[in-house]
Amino acid sequence: MLLSRSWRAVSVLLSEGLSPAWKQTRNHAAAARLDLRGIYPPIATPFTPQEDVDFQKLEENLQKYAKIPFRGLVVQGSNGEYPFLTEEERVEVVKAVRRSLPADKLLMAGSGCESTKATIQLTQKMAAAGADAVLVVTPCFYKGKMNSPALVQHFTKVADNSPVPVVLYSVPANTGLELPLDAVMGLSEHPNILGLKDSGGDITQIGLIVHKTKTQDFQVLAGSAGFLMAAYSVGAVGGVCALANVLGREVCELEHLCVSGRLEEARALQQRLIEPNAAVTRKLGVPALKQAMEWFGFHGGACRSPLQPLTEAETQQLRRDFCSNGWL
Amino acid sequence: MLLSRSWRAVSVLLSEGLSPAWKQTRNHAAAARLDLRGIYPPIATPFTPQEDVDFQKLEENLQKYAKIPFRGLVVQGSNGEYPFLTEEERVEVVKAVRRSLPADKLLMAGSGCESTKATIQLTQKMAAAGADAVLVVTPCFYKGKMNSPALVQHFTKVADNSPVPVVLYSVPANTGLELPLDAVMGLSEHPNILGLKDSGGDITQIGLIVHKTKTQDFQVLAGSAGFLMAAYSVGAVGGVCALANVLGREVCELEHLCVSGRLEEARALQQRLIEPNAAVTRKLGVPALKQAMEWFGFHGGACRSPLQPLTEAETQQLRRDFCSNGWL
Amino acid sequence: MLLSRSWRAVSVLLSEGLSPAWKQTRNHAAAARLDLRGIYPPIATPFTPQEDVDFQKLEENLQKYAKIPFRGLVVQGSNGEYPFLTEEERVEVVKAVRRSLPADKLLMAGSGCESTKATIQLTQKMAAAGADAVLVVTPCFYKGKMNSPALVQHFTKVADNSPVPVVLYSVPANTGLELPLDAVMGLSEHPNILGLKDSGGDITQIGLIVHKTKTQDFQVLAGSAGFLMAAYSVGAVGGVCALANVLGREVCELEHLCVSGRLEEARALQQRLIEPNAAVTRKLGVPALKQAMEWFGFHGGACRSPLQPLTEAETQQLRRDFCSNGWL
Amino acid sequence: MLLSRSWRAVSVLLSEGLSPAWKQTRNHAAAARLDLRGIYPPIATPFTPQEDVDFQKLEENLQKYAKIPFRGLVVQGSNGEYPFLTEEERVEVVKAVRRSLPADKLLMAGSGCESTKATIQLTQKMAAAGADAVLVVTPCFYKGKMNSPALVQHFTKVADNSPVPVVLYSVPANTGLELPLDAVMGLSEHPNILGLKDSGGDITQIGLIVHKTKTQDFQVLAGSAGFLMAAYSVGAVGGVCALANVLGREVCELEHLCVSGRLEEARALQQRLIEPNAAVTRKLGVPALKQAMEWFGFHGGACRSPLQPLTEAETQQLRRDFCSNGWL
């Protein structure tokens, strides 16, 4: 199923019901130039023992992150437990981060919901709360119907109605759905869609996305530290890496080695990051990320239920994955 | 990973943080006897052209359903597009159905959310809105962490805090997650958990669940008309069937033939329902269900975005699947 | 992708290169009437400690099976470890079984290979060795290319060149491939294709196959005891059940209860067979089947490498699955 | 499940039944030093119109390949249609290649079978036919039982009894099975196991394998041109690439750019190879590989049945994937 490569054609295709607000009201040429290059931790959300958002601890984490050469922060990504927060909490957390974040750092806020309408509303609230860009995950409950036309329609409507640039977000481990290449190609032509965070990690697909969107200045971010160097090798421009919540300087150092062509050093560092990264993502998830944050001087704490604390055996496995690579 | 079969043991295992409110405050012996036997359509939610809930059309559908020998209705199941509704809309729809529904019919309301806390809150609102029981889907975004202990913890807390009985809901096609047998076995011992709607359709698993929960009066409902007769053969007691929105009398007739042992007639009818059922579920989804409803005298209409209307080719395929089995 | 329903059309479609030998040389009307109804154990292959086929032990098993009211035996099914045998061994085992088997019992021999050519050759050898019918598994190594046209072509050529009737064999757990409905429908019209052994266990699909091949006298066999009763309920005519190697009388009793409409007794027996069946198939595989055979008075013994003996923990789990259902 | 990292421990674990012939009879220190670095086409097998191996055309292809700076050839890989060849044919093809191949090029022969015994026998025949090393695919029919201990046992026995070094081969798209990391780690310590051809393409896993086998001089080869540059970036030493049958010089050029650190040129070339590579592998398979070979001056021709020729639409798609990247 080939999408028209011309944005004009896509517009016609999708014309009914769309109000391309961006055409009159915003300077999208500027938006399109927002430079995403660099490393972003998708920050965790600390909770109090009563499972309320702990803004004090969040603020303390932010002050520590301010000393690390991140390009910015992702707020309300999967590692922020956004599906467990109310809409109000999601917006409040973004506001709190905005107040604390230095002006030269980007705030990318997750604003994806299942319905297009809810996503647009939350996107606009996130922009009002100070987000520089929004990260919009693929809707996924009706995955059997989320083919390219449906996804193109969804993201186009959101981008048309977003006051800030949009970054697409594909995370198959959580959604059971990969954003298809033809949808990415079509969407890359939208002036208010900047790029893609790809957490799927299919490096062939990542290389192909870079190749097929070359004329669009479309920016691809690796969605995990596990394949960061490989993603740079095929043309990605940065990474949104859970592990950067824990080993932020090291992930930034890997970025630096990759972009400056110091490949042997990069390779050695990359290899030492794979197991800790897998431990705090695929293998043991957000509870492990938060546990590891505690070990490295950040506030992690408990997750909201139904996410459970690590068992003793899991904690030991987590420690081993950091120790055996020389991080603990 | 074997769960203790004894509810006492499960209670001890899960004791910390649980407030088994039901122990003091409700008559769960009564709750446990709520008889679920029969057929339930998981009703669709009609929308206006502006994508608002169309309560007028909903009411007209309900009046038609009142003449069909359903055991009750499921409100806010997957076919009700609940992930696209706000919490307020979800509750309002339940209230509207309650006002219309004859007193002898059960109202089972979907109240599942990703977090335990939100699920408990919505469960209590659904009970207040008049639900006789709640249908609670497995949380699924963090599917890698939704193992049996996490799911047992989640459903136990919900059941502990629910004023009405709970029915578990496993729908892997949407959630990417199957509720494991050991979790079902453990949860079947909770006095406020009545049964399971299984939409996975693994008939061996369904038979085993019936077998392993035999002492608990645990009631299994087939989650689709496609395997309804097979599910009866291995011990299910009813069905929540999307197709019953369209061919309600016929699904009830199939139930009747199954429970009265008229197997040849049942088989012939079951076979004619498989393709129409697949068309409005797995193959073409909710938009097809709503289209077919229109053909059979009900209000279907459009879905909320990002669900797209059927293409012309899909509409023809849908029609063929009804025609070739003699329904159109 | 719809296949023509008319055999004439299929023939034209596939005409090049096909030599429909059956048209002139055999009485396929007779072949088509071969009645498959009943239960078949897919017999295990005993080995000596040196991993040679142990024909003596095989013979002793056969004498015990002769006293059980099986319809026949499947030789060289998945449970016979056929992928580990040479072509010569496969044929020799069939010859040995033929010598021993009473004349009124069917011998169905597995003759599937990856290439069409090799499958035809082995099919003809199996017929010469005394097979009444052949069971032909889907080729699967190039699974990405095994779409309906390729599979229809393959099975058509095999059936055209087979001196005995062909039974299709779909076993996704081993092949990673399900024989698609449209291919089954097309192939059901071939006069030398009798039916299908379905080990996938998708009961909706099984019901639909029965429905869509109704005019062809196409016979569906359940490929596992786990869903035997459900398969009967939707129109299957028998079963090829690994568990029948161990609990042969009981599986035949379940058949008897199903076909005579004694549903409550059937259900109770079916439920007690699910766990033992899962243990000797999906969960623990052929080594468990052979271990359980030893417990019930048959020769099982070791598998060929790389299949490993059960660990102690696995043996205990296997025993539990028989004990907790009252079989040990 | 952690395997002992020490080969001694593995030996003890696996001791029964193993005859570590290599300990006495061969100079494995030498074997371990066989340098695999470079590019290998897994050559296709040309057939005559009667589906016999066409040795004449094979020879003509080999003469053309001799002019390309390959490190060697893989004979009887998946692209050689080995599952469709008899054992005799498999050996004859290797002999034919050996006669033609310049002495300084490596001949790696596929010798994997389902059983350990058959694999050992074919391995020895391949060595006798002139193979410098053997490529041994994971057995896969009983995939549910092919856990790490079974696979370690299998490959250890094969390596113990092989006169030439062994390269492991993991190709999940065909086998439905990924060789687990712990098995690779254990096997990397065997003196007669040189490395791994990884066709799965999980770049994080590839990086981790390189990292965890660092002390063993274990050599990882990318199993596809689609992720060749990424694999080099994380430490692979070469590639076995179907596309090298068609664009051999270009794949070798990509290797050259990668190892000499000319990353921008490498990236541009890599990106242009992804679509043609996908077309001749995952998307359209061996028939497409053979069609593309024809376009580029090699003998491709038809596949053995059940592999079907490309449809007209597929041929056009294949052509587009080469044209749009500037290769046709």
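Note that the chains are named A, B, C and D in the order they appear, and that numbering of residues resets to 1 at the start of each chain.
Here is the rule we use: contacts are C-beta pairs under 8 Å (C-beta built on N, C-alpha and C of every residue); 3 or more make two chains touch, one makes a residue touch a chain.
A quick map from chain label to UniProt name: A, B, C, D = 4-hydroxy-2-oxoglutarate aldolase, mitochondrial.
Just so it is clear, the structure is predicted and the values come from calculations on it, not from any experiment.
Spacing of chain C relative to chain D, judged by their CA centroids, is 34 angstrom.
Inter-chain centre distance (chain B to chain D, centres taken as mean C-alpha positions): 49 Å. Centroids built from CA atoms put chain C at 36 Å from chain B. Among the residues of chain A, none is in touch with two or more other chains. If you sketch which chains touch which, the chains form one closed loop in which each chain touches exactly two neighbours. Interface note: chains touch in the pairs A-B, A-D, B-C, C-D. Within the complex formed with chain D, the residues of chain A that make contact are 201-204, 207-208, 210-211, 224, 226-227, 229-235, 261, 263, 267, 270-272, 274-275, 278. Looking at the complex, you find that chain D touches chain C at residues 51, 78, 83-84, 86, 114-118, 139, 141-146, 149-151, 153-154, 157, 173-176, 282, 285-287, 304-308.
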